[in-house]
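By letter and in written order, the chains are A, B, C, D, E and F; residue numbering begins at 1 in each of them.
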Amino acid sequence: MIYLTRKAEFSSSHFYRNPAWSDEENVRRFGKCANANGHGHNYTLEVTVAGEVDPVTGFVVDLKLLKDILEEQVVSVYDHRHLNYEVPEFKDSIPTTENIAVAIWKRLNGKIPGAALKRVRVYEMPDLFADYYGEQQ
Amino acid sequence: MIYLTRKAEFSSSHFYRNPAWSDEENVRRFGKCANANGHGHNYTLEVTVAGEVDPVTGFVVDLKLLKDILEEQVVSVYDHRHLNYEVPEFKDSIPTTENIAVAIWKRLNGKIPGAALKRVRVYEMPDLFADYYGEQQ
Amino acid sequence: MIYLTRKAEFSSSHFYRNPAWSDEENVRRFGKCANANGHGHNYTLEVTVAGEVDPVTGFVVDLKLLKDILEEQVVSVYDHRHLNYEVPEFKDSIPTTENIAVAIWKRLNGKIPGAALKRVRVYEMPDLFADYYGEQQ
Amino acid sequence: MIYLTRKAEFSSSHFYRNPAWSDEENVRRFGKCANANGHGHNYTLEVTVAGEVDPVTGFVVDLKLLKDILEEQVVSVYDHRHLNYEVPEFKDSIPTTENIAVAIWKRLNGKIPGAALKRVRVYEMPDLFADYYGEQQ
Amino acid sequence: MIYLTRKAEFSSSHFYRNPAWSDEENVRRFGKCANANGHGHNYTLEVTVAGEVDPVTGFVVDLKLLKDILEEQVVSVYDHRHLNYEVPEFKDSIPTTENIAVAIWKRLNGKIPGAALKRVRVYEMPDLFADYYGEQQ
Amino acid sequence: MIYLTRKAEFSSSHFYRNPAWSDEENVRRFGKCANANGHGHNYTLEVTVAGEVDPVTGFVVDLKLLKDILEEQVVSVYDHRHLNYEVPEFKDSIPTTENIAVAIWKRLNGKIPGAALKRVRVYEMPDLFADYYGEQQ
């Protein structure tokens, strides 16, 4: 068993708001992240898959295929988008780094032929990231 | 004469739109950057000043003072803001990396006691940045 | 369960010396790290906590609170300090990267409300780091 | 138990070719990586070992010794070499990132006194890396 | 006048050899870089252009066009190639970092509409790079 | 004319103190940097030289020779040292980033055969650096 990790990037807007709270409560809890015009980040995504090395190719997973899946399932949907307004999973959940990692797991899980999804890591900033390993852990 | 450079960061939203053009023309020229909901970046700012080293302190400029000036003049205005909607200089100019660099120069020039502003560098992404050296160059 | 990691930095001096050894033995074992005037590093700390995502906030842990805890428990004590002379846990243990990671675990464990401390990583240099996962592992 | 990780680098050439396939099939499967003149990378290696901290030294493993082992067992063999033509383990296996990680594990396992080899990570590019944890996992 | 810099990457093989010298002399002068099987690097290219900001677009140069020019003129020719064997300008000159920077300047100069080429920077490794500013400097 | 830049690193201790001031004044002016036990950094040095490319070697300067000069003139003197106590030029000047850059210029200028020293850049932290171009600029 070997683990392969590929990175991708997307640049998106978001803000933090719980609609059950008043504007004042949102600012008190989320500070400047509550600004409803949104702010943005260069997100970095690391996707880790695991499997046996195919002795014919030396690959766990075809790199081009993995890149295409990340592009189709995640980057084309998130990049240059406002996460709150344009990405369906954030209509009802706040696009925190934690929730973005879980959402990307759901988008990718079961879509990568021949390898198991093991970890989704999302960096919002170089000094802050979330890891999700699926429900088993 | 010695040059001192200090970095700062801000996370902002923006989009590219020329109001003189139709929506179609904006998309044709700016691609996905024209999305009016905005997208965002972790911008990195590098500000370079120059002067003689003060023999009493060993400094060109007091580092704490320089940090405070960057915070007050730039970061507090741009960070966690939507540049098009909330920063006055981008009411009438498109917040491209080039225009952001020029706007930051105007905000900082003449505000740093005892040292001359020499360069403003703005990274929109790690692989794209603009440098402005003022009008003299 | 999701894992959240936040980075912090501190710039400190240290040296390696076992008081049970002669000066010659310390130099033989620790090389230039034994220099009693000390040398220094920009340390990078990565702290990983885990927990359930709060559906109300989208957070495992409040980011501002986590940052304040790292500042209060670690950065304010270690930054711009000589670890051997000014940080109590290194009176009797050598401030190697390994020992620093364990010491920071002890400083943080049990102090983060609502989330479990999972890993402390300390980089002494970009090419050398130690990970501590607590006693259970 | 604490984990210590040390990085090393090597700059090598390689290409991807399965000798059981025609030239056309190799290009179809491996794209530009099949070019038999080879292309190259600055590889980054991260080696993680684990053990108890020696109370006398504060080390899991002597850093100088670990560096020397990486140099002798890996860097001196791989660096400035064409992996397909000059490194014996790639006579019969394709030097993919996955296979390189496994090969380095075999070179290092059992060679590090007093500490257990836990992980070998190989970056081929900053956005692609493989992790190998040995057969037990 | 404002300066815009865009990065690109290519992964290539090369070696250093002066055909006027014996094998021994090549090894004596170039060390392990003389190995005729080649070794390789992840090269990073930074191209800087300068011009006035177009008030209609906010751009010095259209970013998509600049990216396409770098791809067409440099990356498609150098990436996943053996520079000595497959890139014409290195038939008669050694592909050192210095010579690669000059060669890329010649490939790009005059090809970027509306902006002046100002600098070509080539990183062979993160700790070594060459800058070429054209003949005027 | 082409410019070649090579990086090196050193890990050192320092503190800021003007002996003409009281302890209180030193703290007031230099804050936590005035702590006389010292603190430390992983400094990164970038040295830029310029010259014509030698058509026989493709080099501005022999890379091994340049590395050896940096090692001998700077790294062996500064690395794992307390700059205030152990490096002669800081007996009478405060080891600020600015003064370190000037001191390294003086150590290197005239020592690099066949190439002109053009710039010394010293990073104290990733977000703070000083550039010195010699007296002519």
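In the analysis below, contacts are C-beta pairs under 8 Å (C-beta built on N, C-alpha and C of every residue); 3 or more make two chains touch, one makes a residue touch a chain.
Please read all numbers here as calculations on a predicted model, not as lab measurements.
Colleague: Indicate the lowest number of steps between chain E and chain F, counting one step per move to a touching chain.
Modeller: So the least number of steps between the two chains is 1.
Colleague: Could you name all chains that are in contact with chain D and with chain F at the same time?
Modeller: Where chain D and chain F share a partner, that partner set is C, E.
Colleague: Test of understanding: which option in D-E, B-F or A-B shares over half of the contact pairs of E-F, residue numbers taken as the match?
Modeller: B-F
Colleague: Since chain D and chain E are copies that touch, just let me know if over half of their interface numbering is common to both, same, or not, different.
Modeller: Mostly same residues: over half of the interface numbers shared.
Colleague: Using Cα averages as centroids, what's the distance between chain B and chain C in whole Å?
Modeller: Chain centres of chain B and chain C, defined by C-alpha means, are spaced 34 Å apart.
Colleague: Take the average of all CA coordinates in chain A, do the same for chain D, and state the distance between these two points in whole angstrom.
Modeller: Chain centres of chain A and chain D, defined by C-alpha means, are spaced 28 Å apart.
Colleague: Pull out every residue in chain B that's touching 2 or more other chains.
Modeller: Correct list: 126.
Colleague: Touching pairs of chains, all of them, please.
Modeller: Pairs of chains that touch one another: A-B, A-C, A-D, B-E, B-F, C-D, C-F, D-E, E-F.
Colleague: Give every residue of chain A touching chain D within the complex, in rising order.
Modeller: Of all residues in chain A, those touching chain D are 1-8, 48, 53, 55-60, 63-64.
Colleague: Given the complex with chain B, which residues does chain F contribute to the contact?
Modeller: Residue list for chain F touching chain B: 16, 18, 20, 29-31, 93-99, 101-102, 126-133, 137.
Colleague: Would you pull the chain B residues touching chain A in the complex into a rising list?
Modeller: 9, 11-14, 32-33, 35, 37-42, 79-82, 85-86, 125-126
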